[in-house]
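Please go over the structures that come below.
Common to both upcoming complexes is chain A, partnered first by chain B, then by chain C.
Up next, the complex of A and B:
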C-alpha cells in the first residue's frame, strides 16, 4: 500500500529476502564455476559462465513456479511469495547474462548481425540434434523481459490485476520454450544423463505441484448454496468460521470471504485490489482484513482500506439466523458500509 | 528462418524500441503522473524503473496520455461488474 510510487518500497523483510537471494545466486555461480573448472578442465571461463548463468536461471525459474502452488497447499510458504517479483527480475538478469554471453561467444565474430545469426543461423527444423534451439531461448528471454519490465505496481495498477496476471502467466510459455531450448540444445551434446534426469525431475515437480494445488483450489468452488425467498443464500454455520478468520464461498461467480470477529460477521469480496490475492485466506489484524500475499488491509465493515489509502473491495449484506450465516449474492459497490451481523442476535 | 525475414524482424523490433525509448523519457517524467495520480510525486528511481516497460508498452500509454485519461482503469471481475448494477454492466444486459 503506497501513496506515491518508489522504485522499491524497502522494508526489513524485503532486505532479508533479497540478501538471501543474492547470496544464493553468488554461492551457486561460485560453486558451479569452481566445480566446473575441476571436473571439466578443458572448458573455457566463458563456457562455464554461460552454463552457470543458464542453469542458475533455470533453477530459479523452478523455484518461482513452485512458490504459487506451494502457498496454495500450505500457508507456511507465504513468506516466499511476498517478494517473488524480485526472484523473477533476478532470474531475467541471469537469463540475459546467459543469452548475452552466448551471443557474444557464438554469433558476434562473423559479418552477420548477431541477432540475425541467432534467428537464421540454423534452419534444420526436421533434425533433432541440429534443431535451431537458440531462437527458442531468445523468445523465452523476450517474455521474461516483458515480465521483469512490468513487475512494478505501476503496471499492475494501470494494466489492472486481471490483465497483469494474464500477461505474467506467459511465464508458463517461457518455461516450455526454455525446456525445449535445453532439450534440443545442451542435452543434445551432453553425454551424461544427469542433466536430463534433473530437468525431468524439475518438470515433474512443477507439474505435480500445480495439479495438487489445482485440485485443492477447485474443491470449495464445487459447493452450491440454497437460496431463501429474500435472495440470501445459506452459506455455513457460524461455528465453522474460526475467530478473526474467514469462510470462503463461491457466490455470484466469484469468491466471497465471510469473516468472524468480535462477535460479528462481515462479508467482502475475496479478491484483493492489489494483486487479486485471496483475502479469505488472510486474517483480521488490528481490526483489518489483511491480505496474506502482500499485507494490503481492508475494514471488514465497508471493504475500504484505512485512510489515507484508497483501495476498496465490494461488500455483501449478511445476517445470522439460528447459528447459520446468510449472505446476499448481490455485491454492494466497493467501499459500501454494511452493518455487520451480530452473532448473538 | 530465412536471413531476410530475420533482418526485417530485427529492424522492426529496433524501430519499435527506439520509438519506445524516445517516448519513455518524457512519459516517465511527465506522462505517468498524468494518467496515474499516484505517479505524480514518484521518486527518480521509479521514473527510471518504468522506462523498460514503457519502451515495451508505449502504444497503450501514448493512447491514454493523448486521450487525457486521468485515472487508471478499474479492474473488471464478476463482483465489481455486478456491483455496478445492470445499467452499468453490459454483461447483464447481454451486451458483453
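Up next, the complex of A and C:
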C-alpha cells in the first residue's frame, strides 16, 4: 500500500530508483575496467572483473549502510530508503559475481573441489598476514544470499516484521566479515596506501554515522513521564506538536506517536505494520497517518488502514487538560476506535 | 523498529565500533613487505662496470610492454655483450624468467629447448643480463617467460649480430 492506496509495485519512483542504480553500477564497472586496462595493461580481463565486481559491491554496501542512519539524522534522505532492498539485492549479485569469478580463477583448476579448496586451501588461522581470508568472504556471501532471498514482502509478511528485521540485521555481521576479508586479503598484497585509506574512511564513515544516529535515537527512550492516579501520563504540551505531525514518546515500554490534526489529538503505536517504520516521523496526508518509509497509511482515530487494506496498529486513550496532552500507557487492541481529544475543550 | 530491536541494533553497532577499527589496524600493521625476486647467481650476473659501452637502445621493442632495452659491450669491438631491461611500468607477472634464443624465437608457449636462461626480472627492477657467446655470432631474441603461468609473456628481437658485434656505439 502506498499514499494513494496503490500496491507497492512498479511505480514511477521505483523505476527511477532502479534506473539510477543500474546506470550507476554499469558506469562504475565500465570506468573501473577501462581505467584498469589503461593503468594495469598486464592485468587479465578476469582479474579486472573480479576487482571491479568486488569494489562495486563494497562501495554499494557502504551506501546501503549509510542510508538508515542518514534518514535518522535528516528526513531529506528518506527517498533513498524507499527502495533500499533493491540496492541490497544488487549488491548481493555483484558480490556473487566477485566470488564466482574468484573461485573459477583461483580454485577451479586444481584436483580439489573448488569450494573445498576455498575452505581448506589455507589453514594458517594463527597468522594475521596469512589468515585464510576467502572463507570470510564466503560466509559474508551466504548471509547476503539469505538476506536477498528473503527480501521480498512475501517473507516480510510471513516472518513478521520483528523477525524479518532481526534476520536482516545480519548485514552488520556480513559487513564485519567483508571488512576482514578485504583487510586480510587484498590489502595484504597491495603496495599503494590509497585502497587502505579508502577502506579506512569508509569504515569510519559507517561507524560514526551509526553512532550519531544511535545517540539521537536513544534520547526519546530515556525520557520518563509522570503518571496521574488514573494511569494517564503527562506527555507534552499541545503546542509542542506541529499541525498534522506527531510527538513521539516512550510510554509503557514502546513508542507512541501522538498526532495533532484539525483541532484534535490522537495517539497510535509508532510502529508501522509493514516494516516497523516510525509512523511518528510521518505526516497526516488526506486525513491519514502516512509512514515515511513506504507510504503505508492508517486512520489516526482507530489505527486501521482504510479499505481494502487490512493493516492495523494499536491505539491509545488520550485526553487534553489545560493545554497538556495525557496518554494512557495501556495500548488498545489494534484497530480499536478511540475518540480523539478535542483541543480547547 | 520496536524497542528490543533498537537495543539489539545499538549493541551490534557498539561492538562493531570497537572490534572493526581494531581489526583494521591490526590487519594493516601485520602486512608483510612484498617478497622481491632473489638475486640471480653471480655466475650469470654481469657486473655493470664491465659494460660501459652502449651500442643499442630502444623503448618500443616489447609491443604492449613498456620496457626500455639497452645492449652494452664490455669493449669495442665487444668480446661480451649484456642486455639491460628496464620496465617502465610494474610487470604483474610472477616468476618472470629472461631467455636469449638464437634466431627467430617463434611463437611457441614455452621458449625453445636450446634457449639460454640469462636471468630473472621482477616488478619495475632494472636488470642487466649477460648474453651468451653465440649472441656475437648469430641473430637472437630475448624472451620473457612466466614460470608460474607456464607461458611466454613477450618476445623482442635484438638487432642483428653484425650490428652488435660491430659494437658501433650509438
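Brief remarks follow.
As a working rule, the second predicted complex is superposed on the first by the 338 of 345 C-alpha atoms of A that agree within 3 Å, B and C clash if a C-alpha of one lies under 4 Å from a C-alpha of the other, contacts with A are read in each partner's own complex, and residues count from 1 in each chain.
Quick note on the criterion: contacts are C-beta pairs under 8 Å (C-beta built on N, C-alpha and C of every residue); 3 or more make two chains touch, one makes a residue touch a chain.
Just so it is clear, the structure is predicted and the values come from calculations on it, not from any experiment.
Of the two partner chains placed by superposition, only chain B is touched by A:152; chain C is not. In the superposition on chain A, A:271 makes contact with both chain B and chain C. Of the two partner chains, neither chain B nor chain C is touched by A:239.
Using the contact criterion defined above for the overlaid structures, shared-chain residue A:19 touches neither chain B nor chain C, since it reaches no partner. When the shared chain is aligned, chain B and chain C each come close enough to touch A:253.
In the superposition on chain A, contact of A:115 is made with chain B only, not with chain C. In the superposition on chain A, no contact is made by A:74 with either chain B or chain C. In the superposed pair of complexes, A:162 makes contact with chain B and with chain C alike.
In the superposition on chain A, A:224 contacts neither chain B nor chain C.
With the contact threshold set out at the top, residues 162, 253-254, 271, 276 of chain A are in contact with chain B in one structure and with chain C in the other. On the chain B side of its complex with chain A, the touching residues are 1-3, 5-7, 9-10, 32, 35-36, 38-43, 45-46, 48-50, 52-53, 55-57, 61, 64, 72-80, 82-84. By the touch criterion stated above, chain A contacts chain B in their complex at residues 2-8, 112-113, 115-116, 119-120, 123, 132, 135, 145-146, 148-150, 152, 154-155, 157-158, 160-162, 252-254, 256, 269, 271, 273, 276, 313-314, 330-334, 336. Those residues of chain A that touch chain C in the shared complex are 40-43, 128-129, 162, 165-166, 169, 172, 175-176, 179-180, 183-184, 187-189, 191, 196, 199-200, 203-204, 207, 210-211, 214, 217-218, 221, 250, 253-255, 271, 276, 278.
The touching residues of chain C, counted against chain A in their complex, run 1-6, 8-10, 12-14, 16-17, 19-21, 23-24, 26-28, 30-32, 34, 64-65, 89-93.
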